[in-house]
Amino acid sequence: MTLEMLIGASVAAATLRLAAPIALAALGGVVTERSGVTNIALEASMLVGAFFGIVAADRSHNIWIALGVAILAGALIALLHAYASITLRSDQIVSGMALNILALGLTTYLDYEMYGTTGTPPDLVGLPDVQLGFLSGVPYVGGAIGSQNSMVWVMALLVVGLQIFLFRTVAGLRLRAVGEHPRAAETVGIDVRRIRYAAVLASGALAALGGAYLSLGVAHSFTDGMTGGRGFIGLAAMIFGRWTPVGALAASLIFGYGNALSTSLQGATIGDTKVPVQLLGTLPYLLTILAVAGFVGRSRPPAADGVPYETEGHA
Amino acid sequence: MKRILAFSVLAATIVASCATTGNNTSSASPSGSGTATGQHPKIGLVTDVGGLNDKSFNSLADKGRQQAQAQLDVDTSVTESKQQADYVPNLTKYAQDKYDLVIGVGFLMQNAIWKVATQFPNVKFAIIDGAPNDDAGNVKNLPNVANLFFKEQEAGYVVGVIAATMAKNKVGAATHNTVCSMGGLPIPPVDRYIAGYQDAVKTVSPTTKILNGYSQDFVDQQKGIEVGKSHIAQGCDILFQVAGGSGLGYIQAAKDAKVYAIGVDADQAAVAPGTVITSALKKVDVAVFQTVRSLRLGTFKAGDNSFNATNDGIGFGTLDKIVPDDAKAAATQALADIKSGKITPKDTVQVKP
Amino acid sequence: MRQLTFQWAGGPAIPILSVAIALLLGAVFVLLSGNDPVKGYLALFQGAFGTPYDITETIVAAIPLVLTGLAVAVAFRTGLFNIGAQGQLLVGALAAGWAGSQWATLPGFILMPIVIVFGTAGGALYGGIVGLLKAVRGVNEVITTIMLNYTIVFVMHWLLQAGPMTAQNAFGTPASTPIGAGARLPVIIPNELVLFSRLHAGIVLAALAVIAFWFLLWRTPLGYRLRAVGLGARAAAQAGIDPARHMIMVMAIAGGFAGLGGMIEVSGVFGRVYDGFSSSYGFDAIAVALLGKNSPLGIVVAALLFGAFVHGGAYMQSHAGISSNLVAIIQAFVLFVIAAESLVRSLTRRRGRARKPVEAIA
């Protein structure tokens, strides 16, 4: 095992690449749960974002349209969830699970119908990498962030933007008020339903960006179930990060680091024994548990998280 | 209105099902063609959990089924298995419905095939990549089961010859004299490909550096890309994937870095033209088609049926224009030498991660 | 907090109507896909219940879902969200598979209890970790259960591909050494009655587990305290109940149910542990538990419904040519419509005053 394998610039770069989709899903989670709606359908929004982004790229050959369609698809899933959980006051977990199953079935079905076994076409338009030439001479930093996908930077901007929005603006305060004490919020004239709808829709759009990153930014194609549970990991990162954007990013980075290690440490030895390649796969998950248990500990969700709200006037 | 409709659908379902429970043996002939068996043999295909769109042996097996349907005057049908516990009932349903040949795809079905085939001695079965295994895990050949095997190491060897020749002569972007491979997981059907590939490289070009890694996944593309990036950073410029969907990520990593990749199972030239220089072919479609044909001709052979270089059951796919003539010639020669028995590719991996 | 304890009000009419509406929505989708929904549903129903054999297979498919459903439900009842039934089931399967092959030669009356204990204890231990981390360090169970689900997948890869449990078998199927005959749950339906049935004694274990679940929660002081914790940690604390201790206990109990489910699959269906044999039992379980409103009978019915989708869905594909992915879509509709319960409820009443929420907020 060498230091390069553990903390080299290439490991840092891989950490960012692997953390980005999880962080985007986690940001979605932060926004929706801060408003008081649990949305475990982030995985579904990611998956439809990944798929319809590719379909739109294939049809339009325009990355902006592709990105827009991806966001729209993710938000549409979220709209269904919002309707079920806010308007109908359904059980939010059931609705979320249903949408996850729906998204997997739908994308797998359409993928096979549209692209068959040959797969999505090659040379689709994609999200470009950003080459920071001026960093190329800087040791480590150049290797770590000198050539990252544009969506990684979008993610970073969103983290900062949402952190400021939630904790430094009036609108953000309103959103949090709705999640903490909807009745009180309503008495001061805040439209609880409208804010919750907006937050859930935004969460779907954010998760869809994560999906679009995977398909349009990384793989340049779609394969069935390609999000592979990242929406759920994102939920864990949201809780780990105590329902804050910056915290969610930190949690995603820890997870991404574990994931990067499981590649970079292949072939590494401890003493004379080779670490079995299968066990390296456990790294991101164990690292996350250790980090949460060791450093974070207790975290408290927004008080009204997951509780349907009955507007006074409608009862 | 909605309510009435919903109830009537339910009611219709219940009534109809009561009507059919009485005569379950001959119910529901597929796709409208209800001719007697013997004239139109019925073929059922059961995929493993990878499903029809795995872009690997399941989709190839289904391709073979469709070809048989089109050319061999047979009625065919397919069932996707969603979980491993489904193998037995999915195979059983076809046997119960008096299908003539039931094909199971994948080594995960070895015990399920044994269970069902012993219960239906009059139905013929075939299994891709395996042989019937009894409950103790021992191979038990049955008189009604054809075991369809592939020599993946031969396919790996042939594409390894191409990679080694190009690496040795520094063709195009292959300038670092380093070739790599990535499996999904280190399991035998994957490792046989990689073993043959490494064997060829060591034989043809002993100075060429070899790396090998695993994405630990057969679906996740991003994991495949990460292994690819890591390999390329270590000088790899020819990357051979044996990892299904995850392997598509490995190919994408090669494409991003403008180096070369080698596809697996099916001909993957179209995945990334100009990047995929060739593919190691495992002609599962041919195996399925030929097994159905043998049933039609009355030459169905139970027990081991090997698909290898000799009977064109393995091979290499479309060559990209970058592949020079000498590499092509060397591959063709290697294929001939394997046929003649002059070369026997190794089937255990020598260079591990 | 989240409302986790509400019951189906007004009997089975609402769920049945929900399923009907979902099937109707699914029919539209099948129609759009260019297939015949009537033919499709006939095949689905026939595939699931058409013959005695199919009925037994639907039950075989439902058994693991009953156990994992209980694992999710018992946690829900206590206010915990157990996404980890999947991992707990796998650990139970591995523990049972290890014990069953380690002492393969022991007679059944000794080996069977051992295997049951190992499976249950394995799952309980894995679930208990979650409870422990929550009680001691306050780690949210959603994080730990998700992470532990993935962890065991890779540990399982290692154990069954190149580790201490890997079988030396033909062509290298990643699997454990087969368990002894004494560890196999016997098929309980003789061939003369239903030909080739796989319905195994695991149904008895599942039934006992359902009864135990009911008895534990509604007939013991512990169950009362667990449900009290579920209704609110503060209220429970005021009643002199220590929530931390109960978190460990309830997660261990949940894991025990799921682990028993894993043991049943190994002993009743496979006879050994296959790598990745469970693709979704643990995740479907969340749907099963919520569909069954976390009640014993509801879980059984919901598991049977899902079992019918699994077994009948295959037939729908082979005999009506309808993609298995459409079956998944229909399944999702069922869940979604059931989630949107109040919508369905409003259909069963006259317009106007039907908008009052039925469930109390816990």
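Each chain carries a letter (A, B and C) given by its place in the written order, and its residues are counted from 1.
In this section, a contact is a pair of C-beta atoms (placed from the backbone, for glycine too) under 8 Å apart; a residue touches a chain by one contact, two chains touch by 3 or more.
In this text, all values refer to a predicted model and were calculated from it rather than measured experimentally.
Enquirer: Counting hops between chains that touch, how far apart are chain A and chain C?
Expert: Step count on the best path from chain A to chain C: 1.
Enquirer: Using only Cα atoms to place each chain's centre, name the chain farthest from chain C.
Expert: Computed centres place B farthest from chain C.
Enquirer: Going by the touch criterion at the top, tell me which pair is linked by more C-beta contacts: A-B or B-C.
Expert: So, comparing the two chain pairs, more contacts are at B-C.
Enquirer: Between chain A and chain C, what distance separates the C-alpha centroids? Give it in angstrom.
Expert: Distance between chain centres: 27 Å.
Enquirer: Distance-wise, how many Å sit between the C-alpha centres of chain B and chain C, to the nearest whole number?
Expert: Computed from C-alpha means, the inter-chain centre distance equals 32 Å.
Enquirer: Could you list which residues of chain B touch at least two other chains?
Expert: Correct list: 51, 185-186, 216.
Enquirer: Could you check chain A for residues that touch two or more other chains and list them?
Expert: Counting only residues that touch two or more other chains, chain A contributes 108, 112, 278, 280-281.
Enquirer: Which parts of chain C, given as residue numbers and ranges, touch two or more other chains?
Expert: Within chain C, residues 154, 157, 161-162 contact more than one other chain.
Enquirer: Could you list, by residue number, the parts of chain B that touch chain C in their complex?
Expert: Touch list, chain B to chain C: 2-3, 5-7, 9-10, 12-14, 16-17, 20-21, 24, 27-28, 30-31, 44, 49, 51, 77-86, 88-90, 92-94, 96, 107-108, 110-111, 119, 129-131, 133, 135-139, 185-189, 216.
Enquirer: For chain C, which residues are in contact with chain B within the complex?
Expert: Touch residues, chain C against chain B: 16-17, 20-21, 23-24, 27, 38, 41-43, 45-47, 49-51, 53, 57, 60-61, 64, 154, 157, 161-162, 167, 169-175, 177-178, 196, 198, 265, 269-272, 274, 276-281, 310-311, 313-315, 317-319, 321, 324, 347-348.
Enquirer: What residues of chain C sit close enough to touch chain A in their complex?
Expert: 1-3, 33, 81, 83, 133, 137-140, 142-144, 146-148, 150-151, 153-155, 157-158, 161-163, 283, 286-287, 290-291, 323, 325-329, 331-336, 338-343, 355-357, 361
Enquirer: Where on chain A is chain C touching in the complex?
Expert: Going through chain A, the ones touching chain C are 38, 80, 84, 88-95, 97-99, 101-102, 104-106, 108-109, 112-113, 229, 232-233, 235-236, 239-240, 276, 278-282, 284-286, 288-289, 292-293, 296-299, 305-308, 310, 314-315.
Enquirer: Can you tell me which positions in chain B touch chain A when the two form their complex?
Expert: 51-53, 55, 59, 62-63, 185-186, 213-214, 216-217, 219-223, 225-227, 229-230, 233, 245, 248-249, 252, 255, 266, 270-273, 352-353
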